[in-house]
Each structure stands twice: as structure tokens, then as C-alpha cells.
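Each of the next two complexes has chain A plus one other chain: chain B in the first, chain C in the second.
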Partner chain A sequence: MPYNIIVLIKVIPDLEQIKPNPTTGEIVTDRTPLRLETLSENAIEAAVQLKEKYGGKVFGLIFGKPESAPMLKKAFAMGVDDGIVITGYKGNNPVYTAEVLCGKIKGMQYDLIIAGNQSADTYTGLLPGIISGKLGINLLGNALTIALEERKIRVKSTLEKKIQNLNATLPAVVSVTQETNQPRLPPVMQIMAAGRKQIVTEAAQPQTMTGTLQISNKAPRSERKRQLYEKPEEGIAAVVRAIKEEIR
Partner chain B sequence: MIYLSSVLLLIGLLVAVASFLYTLYSLFWNAVKIPEKKIRMKISLPRRIYILIRNVALQGKLFKDLSGGIMHALMFWGFVAFAGYSATFFARGIDPSYELISPGLFKDVIFLTVDIFAIVVIVDVIYAVSRRWILKIPRYQGYNGFEAAFILLLVSVLMVTYYALGVLRMDGASAGIPGAIMEGIPPAFTPVTGFFASLFPAASGSGAVDLYWVLYSIHAIDFLTFLVYIPTSKHLHLVAAPLNVLLSKDTKPAQLTPIDFENQKRFGASDIRDFSWKDYLDFYSCTECGRCTYNCPAFLTGKTLSPRDIIWDLREVVIAQGSKARHSGIEERDKILTPVIGDPISEEDLWSCTTCMACVEQCPVMIDHVEKIVDMRRSLVLNQGKAPKETIETYTNMENYGSPWVNDPSTRGDWAKDLGINILSETQNDDFDILYWVGCVASYDRRNQDIAKSIVSILKKANVKFAILGSEEKCTGDPAKRTGNEYLAQNLATANIETLNRHKVHRVITGCPHCFNSLKNDYKAMGLEMEVIHHTEFINQLVSLGKLDLKSLESDDKEKFTYHDSCYLGRYNKIYEEPRTIIKAVTDNYEEMEMNKSKALCCGAGGGRLWMNETVGTKISHKRMEMADKINATTVVTACPYCMVMLDDARRVMGKEEKMHITDIAEFVASRLN
Partner chain C sequence: MKTLIFSDDGEIAAQISSYLKEGFENTIVTLKGEEGKCRRSGARSMFIFTGQPTASGLSLALKKLKDQNSADLVFIGSTAIGRDTAGLLAGSGGFKPLSEVTSVQFSNGKATTTRYLYGGKSVLTEESDSNLFVVAPGISEASLTENETEITEISLDQSPVTVEGEDQKSTGGADIEKAKVIVSIGRGLGKPDGLKLVEQLASAVKGEIAGSRPVCLDYHWLSEDRQVGLSGKKVRPRLYIALGISGQIQHIAGMRGSRTVVAINKDKSAPIFEECDYGLIGDLYTIVPKLVTALTS
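On to the complex of A and B.
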């Protein structure tokens, strides 16, 4: 049977191009190019694979900056059918993010929500759980495989040392890992078709951020000692000493 | 008067010619009706005629394999000479009163040529048999042995019956027989036949006439069988190869045909309709000689890729599906034309290709294997989004960072920050004579940054007013283009062309043959006109103009230098001598490795392979280093950052760090500047 799948797509500043302000230590992201979060690509791939297997539609949901539109187009190219960019993202706050996303999702018909199990910019890993709580639906985390049958979902979930089978009824939230799949390279016809698609944006509701308080995200100061050892044996001994001290 | 022999010969000839022409019609109509790929043919007629004379009449490319080349050339020239005999044989056989060539010295000389070449062909057949079945030349093994044997049998029977008929003619057995030829040719003009005649007692009487007729019939049937068999076998190349050479894209490997994404509906080659008529002619011209495969770096190191099999498999699919597809509507055609990737051509083989052009360089009939392989890669990447995992990551990096690796593009020019040179992304100062295009590898790879610094020191020494783009430079798109991602390659090229135009660049020097080839040839096809020079050419010019004064180092006497040719510099752009001239200007301690210049073994990095894992067989770079080791080279000079990465890595892995150095020609020169 066909399923309506919502995939949560996170757009992050390209971590390779982030630079801290050398004097204040503040992370400067204003001019940092944006990119699709790697785990969101896994989430899109998982959603599109399910659509290809069972039928249905995939809806992509981005909560981010207005500049996120190209990432939604990339998601379209990968096989997402429709989507929206909700603007007004003010930074890392999983409770607020979940509130905005759930506000949108509550008005939609859906069977399954798929998201990355965390994101490379903050690594909180909280969002799938908070969404599951706010919507009152099951969470199946760290899915390696996803199978659907009527209104039931079966997931092989990876834990640190073992894999467990999870079963639930739909609707549900599933989080995926990098091991879940290999995100596809979009065919060029789909890239061009996606390029012609209109991107719908809407402002976040509610607009006031609540939930968590960010204390600091300053880059830690690291002073290099600039010690130079001409002889390898002296250098190696010094490195070993430094590591031992650090461990202690 | 009408003779029974004439009637039978005429019927036989008509049937054979009809069969010959019908098969050809079917094959060539395939090439007209099925292909949808459009190609541009840009070479002038005089150039084409030159290529035809060089590579067909003079058999030029065949001599790249000397012994095989001599064998084939003698067979070819023998057949050309024999054509005069065969034409006369059938003309007089059908109309005994007809003289195709008027009697006289001209005719005598023609038959003298035939008489000499016939024995040459017989000896050649014996040599060919020994090559295939006694010496067991590897490239012949396992390929159409029956067909080769059958053709060699037909050829030898044709020549032996020629001499046998000649001996009987000398004995007078053919006197008065209608259609007998060569009557009246002076014995001095048939010396070989005369020699054979002297070995046997003279034949006479009705037995001799009967024997004449038997041999005459065998000769005629043999020839007609040959005619029928040619277009159904690999000997179709007798017809197709001269045409293929005449219509080739030139002796220089052609650039890949660009894709028009706005107007084309099919990208790359999925089935046989996605090739061009010229590709079909390539398929028909292949004679399975195997020179391509036995020069392919992938094949030579244990991969399953065989360029010969790629061409032959496609030819078989064309023959199997062609006729049906031609006679069907568009919808039916979709069902008849099955994808060629998967079966018979494996994806693994397509990804094994380094696009080094060794196969194309070696092919005597000028088949372009590499463009077909890239076209099939295009189909995988552009239509199905399929590529090796590492390649997909490379694409992502090229999109995000303008380089095949994960590198912050704002740091691209950091290696040059303390060198006091014009970095355009920082200065926007367009007051320079030449742009040094650094390339991704030299910009980010620590080892290759030394080469970039050497190029800078050479340019400074020669007082060249130059600049680099810094963070405004992006990957030229070569790794994307050669792996089939033409879409990404065009996007990168468009961005770079915009940058180059903005800075009004008219002259570029680069140390990377891959960038060199892209800027010089691929970008030119996109409308960018500028002079592009590789650093080997530029340094050679500076040395010859006396702008660089090079000295020998004391250590040069203790070293043995060799030069490793980059495929994209050598086979792609025919730059072989410049680096050698530079090295030899400094030292006499130079020796070539086996497989050099146009036959050079690839380092294994081209065609996007630098960013793919090489897990099957021996690593190509290791094989190349073994060749350097074989001549006890202490320094391998390169002129390509890809080669540097591959060979330097091979040197370390193989434990030859102490014994052997890899250096770029720029480093070689920079360390010897006076």
C-alpha cells in the first residue's frame, strides 16, 4: 500500500568552511556556504527507497534559512516529490525546532516521519525523540533497515554492540544512520526537473524561541607550544610524555 | 561462343557479389538507421587523405608492433597486388575475348608483382600460423581461432592454386582453354612460377587439362567463398577499416563529444542507439587483433577490462539487434534494444578504465575505445546515478569545494602566501602576462605544493610576470568529465571560464596535464580561446631561449634518470620530447624505461581513478615502478601531479624510498638553476 512519508531535512553550514573569529572565538557562520547534512541525505534516500518499494509520496521539510532552497531542490532531484522551507531558524534549539516542525506536521496527512539520528553541526541527537513525544507516536531509532506492512513497521535498529528488531504501528518516527544506505547520485534529468520546481517557503510558527538555553558555542582556545625536536627519539619521547600527562 | 565455364563463373560471381553486398547493406544500414548520437567531423580532406595513405596504404600504425606489423603489411600489399590477377581471372573467365589490361610491359610488370607477392603471402601465412599456434602470441589466444584458420586456409589455397595453374600454363596445358589467363606473359616475368615449374616434370595430355580445370574451379570457388565470408567475419575489416581510417577523428585522440543538456533527451550510451554511425564503423573495423587489450594498463595488471572485448561485444549486439530494430517502430525499438551495460559489458570493466588512450594509440584501424567507455559511464552516472562510492564522494567535493577533496576553498592559495606573488583572489590585479593555473593537486597536496613552488621559482628566475587565481580557481572538471559526470564538468568549466574571462586571461601555463588538456581542448570546445602551455613546454622554451641557465649537480653523475610519460601530456597532446630535452640538457645519465612515449604505461590515476580504490590485480603504479627498477633508475622524472601521487605512493609501499626518487621536471630544473 502507498505511504505518505515526511522526511526532515537539515541544512547546515559547511563545517569545513567554518572559521571562528580569531579575537572573540565566536563561530562565524554568516558567510559560510550551506550544505545538506549527510544524515539527512540518508533520510531522504531511505524515504525514496520506501516510496519506490511501496508507492506513495515523500514530502521534504526544511526548517532553516531562506538560502536553503537549493538543498530542497537537491532533495527533489533525489526523488522527494514535494516540500517546503520553513524560515526563521535561529540556531541550535532542538525543542524549538521540534515545536515548529510539529506545528507543520500536525496539519498534514502522514504515515511515517524519517530523519537523521543527529546532525554534524551540534550532535544533540534529540530531535527525533522530541518529535515523537510531541506528536505522541512511536520512535524507532538508528534504523538500519525499514520494512512496512499495512499499518505496521519493522526496523532493525543498531545499538552500540548489537542489533535489535523493533516493531510498531504507524504513524511513527524513524531515525537513520550513515550505515542505513548509500545516498544516491541524482540522475541529471531529475536534477534539471528539480531546478525548474518552485520552492515554497513559509515563516516559522511560533516565532519566539523557547526550550533550551545556549550557554556558549565559542571555539576553545588552543595554544600551540611550538616545540621543535630535531632528533626523532627525543620528539617521540616528548609526545609520549604529553599523552601520559593528558590521560592522567 | 558461350562456354559452360563462363556461365558457371558468372553465376558464381553474381551470387557471391549479391551475398557480399547484401550483408554489407544490412550492416551499413544499421549504422545509418539506428544511431542517434550526433558527432562533428572537423578534419580537412587533404588531412584525411594523408591519414588514409599513412595508415592504410603504408600500414603506418601496424608497425607499432613490428613483427605483427610486417606480417600484416606483407599480406595487405600481397592482396593488393593479387587483386590485379583476380580481376583478370574473372574478366577473362566470363568473357574469354576480353582483355582487362592491354598486353605490354605494364601488364607484364603487374603480373611480375603478383608472382612475387604470391610467394610472400604463402610464407606470410606460414608465419601467421606459427605466431598463433606455435609461438602462441598471447593476444591471439582464445579469439576466433577457427575463423583465423579458415581465412588462412582460403588465402593459402588461393596462392597455391595460382602457382599450380601457372605451372600447368608453362607446361602448355592451358593453351586453347577459354578464359585461361597470363598466356603470353614472358617467363622472365613469372620467375617464381618458373621455379616451381622446374621442380616438377612437365604435365601433358588430357590429364593435365583435367587437372587445370580442377585447380581452376578450386581457385574460383575459393575466391567466391572468401567474398561471401568477408562481411560475416572479422575480415569485414577489409572493407570497413579503410573507410574507418578515412573518416577517423584524426590521429590525435579526439576530445569527448559534449552533451547539450538543454536539447538532448538521452545522455551517454545505454544501448546501441546511443552510439554514432562512426562508432558502428569502429565496431565493423575491429579484427580482434588485441593490440588494444595488450597495451591496456588495467588488463596488464589483472583487471578484467579488455578494450577489444568492449568493441567486439558492442559489434555483436549491433549485429544481433540491428536488423530487427531497423524494421521496427519507436515503441518496439525500446523493447528490442536492450541495455549493453551489465550484459555484455560489466560496470566493473567500465570503471577500470584510466582513459589513458593506450588502446586508441595502438589500434591500427583507428578505433576510439575510450569515448565509448566514457559514454557508457555517462549513462550510468547521468541516467542512473551510479558510480563507485568514492567517485560519488568526489563529485560532492567538487560541487561543494571546487576540488575533488574536502578542502576549504578559501585556503586554495595558502601555499603561495609567503612567496610574494600576485594572487588574484586577493589582489584583483590583472596586470600580468601569463596565468599560472595551479590545479587542485598542487594547491592542496603537500608533496605537490613543492612542485608548484618550483614552478614559481622558475617563473621568477626568468622574470615572467605571472599571477595565480588563488581561491578563485576551481577544479577544471576533468575527473568529473572522464568519469561520465558531464553535467558537473560543464558546471565547473562554466564557472572557470567566467573567472578566466573576468581576469582577461589570454595565456596560461599549468603543471598539470589534466588541467592542461581540459583548458586547452575541452574549454576550447566550449568557446574559450586562449594559449595554454604545459610547464614542460614553457621551461623548454625558456632554456632554449637562454632565459634559464641550468647546471649539473655533482650528484647527477651518480644517478640514473628516467622519464615517465603522462598520458594526458603524451598520448593526448603529443608532448614527448620537451621533458626529455630538458633532462638531457643537464645529464647524460638517462635511460628509457620499457613502454615509453606513445606506448607508455599509465600511472593508474587518469579517468578519475586517482579517487577510486584499486582492489583487483596488481596496482598499475607498482607495475610502472617495477619497470623503473628494472633499469636501476634512481630518479624517475614526471611532469604530472597525478603521476607524482601514484608513483610516490608506489615507491613507499614497495619499500624503494631509499633507492629511488620521484621528482617533477620543475623540481629537476629549479634545483639546477644557476
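On to the complex of A and C.
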């Protein structure tokens, strides 16, 4: 049977391009180019695969900024049918993010919500649980595989030491891991088609965010020696000395 | 202050309890079979959950325990099921969460915490009135007391999500978090056959073998419990030798505490060279045999 799937998509600064301010060490990401968050790509792939298998529609939900809009197009190219960018994202605050996303989700028809289990930039891993708690629906976390049958869902959930077979009824929130799948690279035709799609944006509700006060956000100081040898044979003696010192 | 500490990993629960020694009255909770260290971590009282753990079952049971013990603060170890449990507690009301904390201090009713951000590129220091802390593994050494805390068993409440069987993951039986010397491999090893060479180096330096995420999770050249990094183990050996590891931030976050870092990589611009004390630029298959010879002669 066909399912309505909502996929939660985060847009993040490209981590590789974040550079601390050389004098203060403070990290500012205002100008860093944006990209799809790694686990959100796995979530999109999982949602699109379920649609391909069972039929239905995938709706993408981004809580971001106006600049996030091109990333929704990328999601469309990967097979997401429809979506919206909610603007007004102010930074890492999972409770507020969940409040804004749930405000939107509550007015929608859905069977399944898919998210990443831990986002690549802020790494809270809390959002799937908070959303599930707020909506009062089942949570099946860290899914390696997802199977649906009528109103039943089965998931292989990967924990540190074991894999659990979880069962529940829909609607449900499922989080996926990096090992769940390999996100597809959409073909050029789909990218072009997605490029022509209209992007709908709407402002976040509620607008006020309460929470934490940032005191500082600095690159951890590295006091490494950084003795590099381009001709490795010249460095072996120094390295052996250092190794012997440490394993004495 | 009264705390409730939970982790499905007894080691992490004991670490948190040891970290919160001064000025706290700790109740520690873990799963049956994980109680070993928790019993001797200086907690006032202790519970173990029996039955199949799910995040929903755990969050219901912990909420009850928090109310019964009138705990002010809840600490949950950051594991897959721990984060889900914390999320559910925060979502169903009454809890203000903070994730992945690596230190926490309380004064004037406020918590000052630190955590890594941007995959480990920065350290964020925050002040908040949070009451639910998801704690990154390794916040302290689990220091053990002579006295054992009395244990009460609690059967996990019915959960709307049910567990129908489980498979254990294979483990290498290694405890890389305690290792004094680590030889760590990355995708640059190229083939599992290369492990033979790595073993020679590991035996020459009496080290444990660990690896980057792709090596442990994607290729299974090593077992998952040997993964170093943000989503793996945080290690602090005296010596960390990185072979064919590019040094992405998520990897660095797991080995930053090492005392001396040696890196071998054929790419001069690999970020690992920013985070090493000694860097040899070249093919590991030519350099490592020379190192082994020099170390054993």
C-alpha cells in the first residue's frame, strides 16, 4: 500500500570549509557555503526507496534559511516529490527546531517521518526522539532496514553492541544511520527538472527561541609539533626516537 | 543536588557517576548485565532494568524514577539508545536537554557546559538552565570505591515498540580506550591483506590496532568496537600512529587527546598532518616495513 512519508532535511555549512578566525580562534559560519547534511541524505534515500517499493509520496521539510532553498531542489532531484523550506533557523537548539517542525507536521497527512540519527554538524541526535515525543507517535531509531506491511513497521535497529528487531504500528518516526544506504547521485535530467520547480518558503512559528547562551565557540587549540618529512627516510630516525620515548 | 544517571553501557554510567562525586547525590541506573562498575561508582542508590530495552520503555521508566527520587538533574550516556531515550524525555515534556556534553559545572542554578561542534572543529561553551544532559563517553575515568551499592531490579514497562529478537555484533574484544599505544588504520590501507604489515608494527610498539570509520563500519576490516572518532571511541594513548588516515574532523575528535601523534600518508595536504607531531609523507607500504626494521633492530 502507498505511504505518505515526511523526510526531515537539514542544510548545514560545509564543514570542510569552516576555518577559525586566525587570531581569536572563533568559528563563524555565516559565509560558509551550504550543503545537504550527510545523514539527511541517507534519510532522503531511505524515504525514496520506500516510495519506490510501496508507492506513495515523499515530502521534504527543511527548517533553515532562505539560502537553503537550492538544497530542497537537490532533494527533489533525488526523488522527493514536494516540500517546503521553513525560514528563521537561528542555530543549534533541538527543542526549538522540533517545535517548529512539529507545528508544520501536525497539519499534514503522514504515515512515516524519516530523519537522520545524528546530524553531521551539531550531532545532537535528539531530534528524532523529541519529534516522536511531541507528536506522541512511535520511535524506531537507528534503522539499518525498514519494512512496511499495512499499518505495521519493522526495523533493524543498530546499537553499539547489538542489532535489535523492532516492531511497531504506524504512524512512526524512524531515524537512519550512515550505513543504512548509499545516497544516490541524481541523473542530470532529474537535476534539470528539479531546478525548474518552484520552492515554497514560510516563516517559522513560533518565532522566539529560548534556550542556551553561547559563551564561546572556538577551534580547539592544537599544540602539535608538526614535524613533516617529505622524504620519509629522513624522518624515520626521529620518528623511531619519539616512538621509543613513548613506549618505554 | 540529586541526580539520576542512566546508560545502557555500564562503563559510561560509572564514568558519569565518578565525574559527579562532589556535591551530588547520585542514583545510577543501567541494564541488567552492565552493573559491574556501577555498583562501585559511589552512587547512593542503584537500579537495574530487566527485560528488552527500547527507547520508549526506558523513557517511561526513567521518568518514573526521576519523580520517585525527586531528582533535579538527569544524565544519560550518549549511545544510540541513550540519545533516543533523552529525545523522548525532552519531547514529552518537562526536560530541557543538552547534547554531547564533555564537561559540566553548576553555579547559581546555571549549568556551564562544553561540547564539540561542527563534527569536532570547534568547542562550544554554553550556559543554560538545562536539566537533562546527554554525556559523551569518556567524561572521566570510572573511579571505583570499596563499597558496593545495593541494587533494586525494575522490569521495563510495556513499550509500544516491541523487540522481536536481536543479534549480537561481533566484537574484537579490544579495549582501545585504555590502550597506551594505538596503531590506527584508514582507507589508505587499500586492502585487508595489508593488516599483516600493520600487525608487525603493532607488535613492535606493543600497541592495539584501531581504525577510522570506513575501515570498521563499511569494509569490516576491523570490528566496530575499534572505531576511533566522534561516533566511535575517544582514545588518549601516549602514542597514536595513523596509517593512511586522511584526518577528517570526525576522526580527529576521537584521538585529539593522544600525547604523541605520528602520521603516515601519501598526500602532503591530508589534514592529519595538521594534527600530528611527526608526519612521514609517502606510501605506507614502503615506510612501515622500514619503521618495523628500525624499531626491532
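Following the convention adopted for this analysis, the second predicted complex is superposed on the first by the 216 of 248 C-alpha atoms of A that agree within 3 Å, B and C clash if a C-alpha of one lies under 4 Å from a C-alpha of the other, contacts with A are read in each partner's own complex, and residues count from 1 in each chain.
Note that contacts are C-beta pairs under 8 Å (C-beta built on N, C-alpha and C of every residue); 3 or more make two chains touch, one makes a residue touch a chain.
Computed from a predicted structure; not experimentally measured.
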Looking at A:Leu185, would you say it contacts chain B, chain C, both, or neither? Reply first, second, both or neither. first
Chosen between chain B and chain C, the partner touching more chain A residues is C
Looking at A:Gln164 after the superposition, I want to know if it touches chain B, chain C, both of them or none. Which is it: first, second, both, neither? second
A:Met108 contacts which: chain B (first), chain C (second), both, neither? neither
Touch check for A:Val239: first (chain B), second (chain C), both, or neither? second
Quick one: classify A:Met1 as touching chain B (first), chain C (second), both or neither. neither
Between chain B (first) and chain C (second), which does A:Gln17 come into contact with in this model arrangement: first, second, both, or neither? first
Inside the complex, what are the residues of chain C that reach chain A? 8-9, 52, 54-56, 59, 78-81, 83-93, 96-100, 112, 116-119, 121-128, 130, 134, 160-169, 171, 180-181, 205-207, 217-218, 224-225, 230-231, 238-239, 241, 249-250, 256, 259-262, 264, 268, 273-282, 286-287, 290-291, 294-295
Sort out for me which residues of chain B touch chain A in the complex. 261, 267, 381-387, 389, 392, 395, 400-401, 406-410, 487
List of chain A residues in touch with chain C within their complex: 13, 15, 18, 20, 27, 29, 92, 94-95, 98, 117-118, 120-134, 136, 138-142, 154, 157-169, 175, 178-179, 211-220, 222, 224-230, 232-233, 235-240, 242-247
So in the complex, the part of chain A that touches chain B is made up of which residues? 14, 16-17, 33, 35, 182, 184-189, 191-192
